[in-house]
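There are structures below to look over.
One chain, chain A, appears in both complexes that follow, with chain B as partner in the first and chain C in the second.
What follows is the complex of A and B.
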């Protein structure tokens, strides 16, 4: 017995315990609360309630909108930056990449508070532009997560492929559209899921910017604050389902792409 | 003779990189339409850079490239009727075989039904019928290579550039592809420009070979010319196996090298320093008294159709190929027919001689250990527990490698203190060259060294040769 104590299997035990205690167990608790009422009896009212209440549905759409716009903004900012960085031969490249990543090292609430001050100075009352402010705050927060994977994929791209495209008659733009862009898709996808998913669930940004509207995260928070654990759990569960669905979708596209199905 | 036009011309092409490294210098070349021309040379000789300038990936720093007489020096690659087969294939991993091959045609807005027809035809040409829908990563290296060729050829380019296309294939596959490429060249009638470091490949496939070294063209000619009449010692050494000796002309049609006097057919003025090249298959082994020089057989290796026999005469090593075997230790004579001795006037008098590896894995010459670790000579090697390992970690058989030392005449010093020299000899020739004397020293080991010295010595003076290790250039031959 003793000699196997450090076998590969036993090394996995700490994480297994972690998984059971902090992932699986809470998940079951979540499911339990989502499908029971205050008296502990089984019910699907929480589920049907969510989809029949125009307020919760509206919040879902609003959250989705914010997450989608944040993702698009991040992508539009990150792709050109990552592309230029990846193909440039600048000696100071690593410093520029560090500049992109550096905000991640600064305390999050400090950053958002600073942003809040700037926005207040510019706009007066922040509550007037909740959508804009939230998208701005989240883009600011999540941009590095979009830049890094895209930068990595493009810099790993075999330069000979671009030369081959040029050799076969493609101009610079065509070579980019037909070779660089489709081959950087894995980076784009992982960047998208690293921005979209947290943007869907995050509510701290919105909270700290004193916004008047709800997104999914703040909705759940408000349910729990009102001691409606059952309703809050159901919304959390639905959000989890949406996130799972999205992850499966991006993975599907990625596999399709690597198998050779041309996307463009 | 039929009139052929130049499809591509390189005029004074020079490529210097920002760090000052000159990859190609003043290259002039004309390629005839329909030719199979090969750039041959060791890595770093500028052959790939030249190809990349023809393709348009690199711009020459100086000079002009003409296609059908029109300058294309700065034309981008997509505007040139030239296609490339890349060293590592560079197939698009996100497209299937059909899409890969159709890529070039699509850029030209070819109608889809024409594309389908052309792709089918070219897949037949490369023997991959029915592979259209397969993805790239399901193919073997050889098949990927064929797709790469198909993708280039389908565009019907005027010139096909091939950058070491067979380098990643195994030997058997490579031989097959060599024949197929040659056949394809005949069938398509396209001009092929081929880059390789493999001399056998170049000799087998090409109509014309351009031998390159250090960014300069060393020789251009048919495979036969290059093999039989190498222009200089580099070409002779690089193409095929050769015995290369420094020597001197001792009379009309008489040359002394390798410790003996030979009759030759090249009329070179008496007293000229020469480099003599003798192919191993032209070395005749005779009874000791019948040879021009005498030696002892030091190794015999069976090579399938012949024996490779190494004979040591003094400190000179002569490699012979013979259908008859010999015994190690046997005393033999060496004879060479006059017209099999290729005499080149030595412009570069670099002395080349063989070193030995002693029991302690040290480099030795004439009984003196040279202070150079073998790990520095054999690239990528390291020493572990007294054995020498190559980059992949397997043991290097020191019996199978030969190390040659090159040293320039001006780097050798002559001294009266004979025993201080690495080797001793007597001055057998001297020429005044304006600001220095050029001496030939015939050593006690029956070798001739060319030494430039500003001081005057006399004929038949006994001298020692000081050769600083840091001025020596080492080459390893397997």
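What follows is the complex of A and C.
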């Protein structure tokens, strides 16, 4: 009898309810607000307004640019470091890995403050180089999130494959390009998604560096400050759409890749 | 030989990029300089300000308390959820898994804004109750607890649970004595992750916090825009204190891990 009242399955119910209430329901509310105006009447003006206003469209393009450049910079810095760390037998390797993890535990706003002080000392007024400073600030903030997944993937890589490539006559560069790089793609992808999406939305970094906000996330902030729930919801919805698209894309490539790996 | 040096240089450069700002700030936090570059004498006044200004102390303690409370709630919910999802039918498991993924991939701005809309605008809950803030942080953290417990459930030897039931244990006892201990490492790392997420969060807090309450993130973001140099340099001290705490914690964890593996080798 007791067994029926208490089962392991029922343990999931509180969390299921929590998710329904605070994850699913907010999304529906978001959709409702995005397609209504202040009086609660149905409208597509929020949507068409977004795609016809040069300001919001410009912000969207600028965010894409910032996010793309930040992702590339992070990748260029992270891949060599992760590769060296995973492949070579450096002394105190575990300590170095901890050093790459530790910044994630330090509050990002304090880390950005530190960067801001340094940059102010070197550059004078930060607003003179907005693009450079934004990319630098975001790379500084997100770099550990790129290093770790790549490091994990490369260090799990089967060393026998590399040996086989060398035995079959591949040079070091060729072995890297044909074996290591393709096999580290899943790590690169998860790193890219951990950097690209925050870089599109994390407007605090810009805000802190030179009091300017000109990326997608900041639009929500400005609507929020103006109590415009409808406009803010539409921006949130569009961002959600971008997130979904991006997740589906990376997942598609990842699956293809694992399938390719299985064929090998 | 040259190659090895080159490798070390890459690692050192990346580490320098990550750590130099924090370290320079740490050095300057012990002076009475108001900006980097100025050379001034040694002083502890930033630390005195940090620990004696009621506003700052309240903000630090509030952030820590919020992180502990929301991480605790998130750990309970996420752990129970992952056990439930693991043992329930395909439909419920995939429903939980899918919804669990939403806050993980979603931008924090969107998560915070949508919870604010739901609770504050639709349901009319006052932000001053701290309810939106705590719910927001639990929503942010619980999915990560869930994700760190699931692998441990998969590794678990399920026959021990069955054996416990056969030997007369009630499902609840079997759960507490058999399942929980086996997945405990996952619960602990989930809790630690939840604490860091809550401590680091800015966006959810901005949209859901009471106007008079500040977390470290929201406070620092506002303070950097202000011109108050005493507060600004006191925050350098805060950054240094947090950095030292993280270093101490890391060293402590490594020593403990080293001891444990040593014991295992000894056996």
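Rule of thumb we're sticking to: the second predicted complex is superposed on the first by the 252 of 264 C-alpha atoms of A that agree within 3 Å, B and C clash if a C-alpha of one lies under 4 Å from a C-alpha of the other, contacts with A are read in each partner's own complex, and residues count from 1 in each chain.
Convention: contacts are C-beta pairs under 8 Å (C-beta built on N, C-alpha and C of every residue); 3 or more make two chains touch, one makes a residue touch a chain.
Here the structure is a predicted model, which means the values were calculated and not measured.
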{"item": "Partner chain(s) touched by A:98 [first = chain B, second = chain C, both, neither]", "value": "second"}
{"item": "Partner chain(s) touched by A:53 [first = chain B, second = chain C, both, neither]", "value": "neither"}
{"item": "Partner contacting more residues of chain A (chain B vs chain C)", "value": "C"}
{"item": "Partner chain(s) touched by A:160 [first = chain B, second = chain C, both, neither]", "value": "first"}
{"item": "Contacts of A:174 with chain B and chain C, given as first, second, both or neither", "value": "first"}
{"item": "Which superposed partner A:117 touches (first chain B, second chain C, both, neither)", "value": "second"}
{"item": "First (chain B), second (chain C), both or neither touched by A:182", "value": "first"}
{"item": "Chain B and chain C footprints on chain A, overlapping residues", "value": "none"}
{"item": "Chain C-touching residues of chain A, taken from the complex the two chains share", "value": "2-3, 6-16, 18-20, 22-27, 29-30, 33, 77-78, 80-81, 84-85, 88, 90, 94-96, 98-100, 102-111, 113-118, 120-121, 140, 143-144, 147, 193, 197-198, 200-204, 207-208, 211, 217, 220-221, 224, 229, 232-233, 236, 239-240, 243, 247"}
{"item": "Chain A-facing residues of chain C, complex", "value": "4, 7-8, 10-11, 14-15, 17-22, 24-25, 28, 35-37, 77-78, 80-89, 92, 95-96, 99-100, 102-103, 105-110, 113-118, 121-122, 135, 138-139, 142, 146, 170-172, 175, 179, 196, 199-200, 202-203, 206-207, 216-217, 220-221, 224-225, 235-236, 238-239, 242-243, 246-247, 249-250, 254"}
{"item": "Of all residues in chain B, those that touch chain A in their complex", "value": "55-57, 76-78, 82-84, 86-88, 90-96, 99, 103-104, 107-108, 135-137, 151-152, 155"}
{"item": "Complex interface listing, chain A residues touching chain B", "value": "158, 160-161, 163-171, 174, 178-179, 182-183, 257-260, 262-263"}
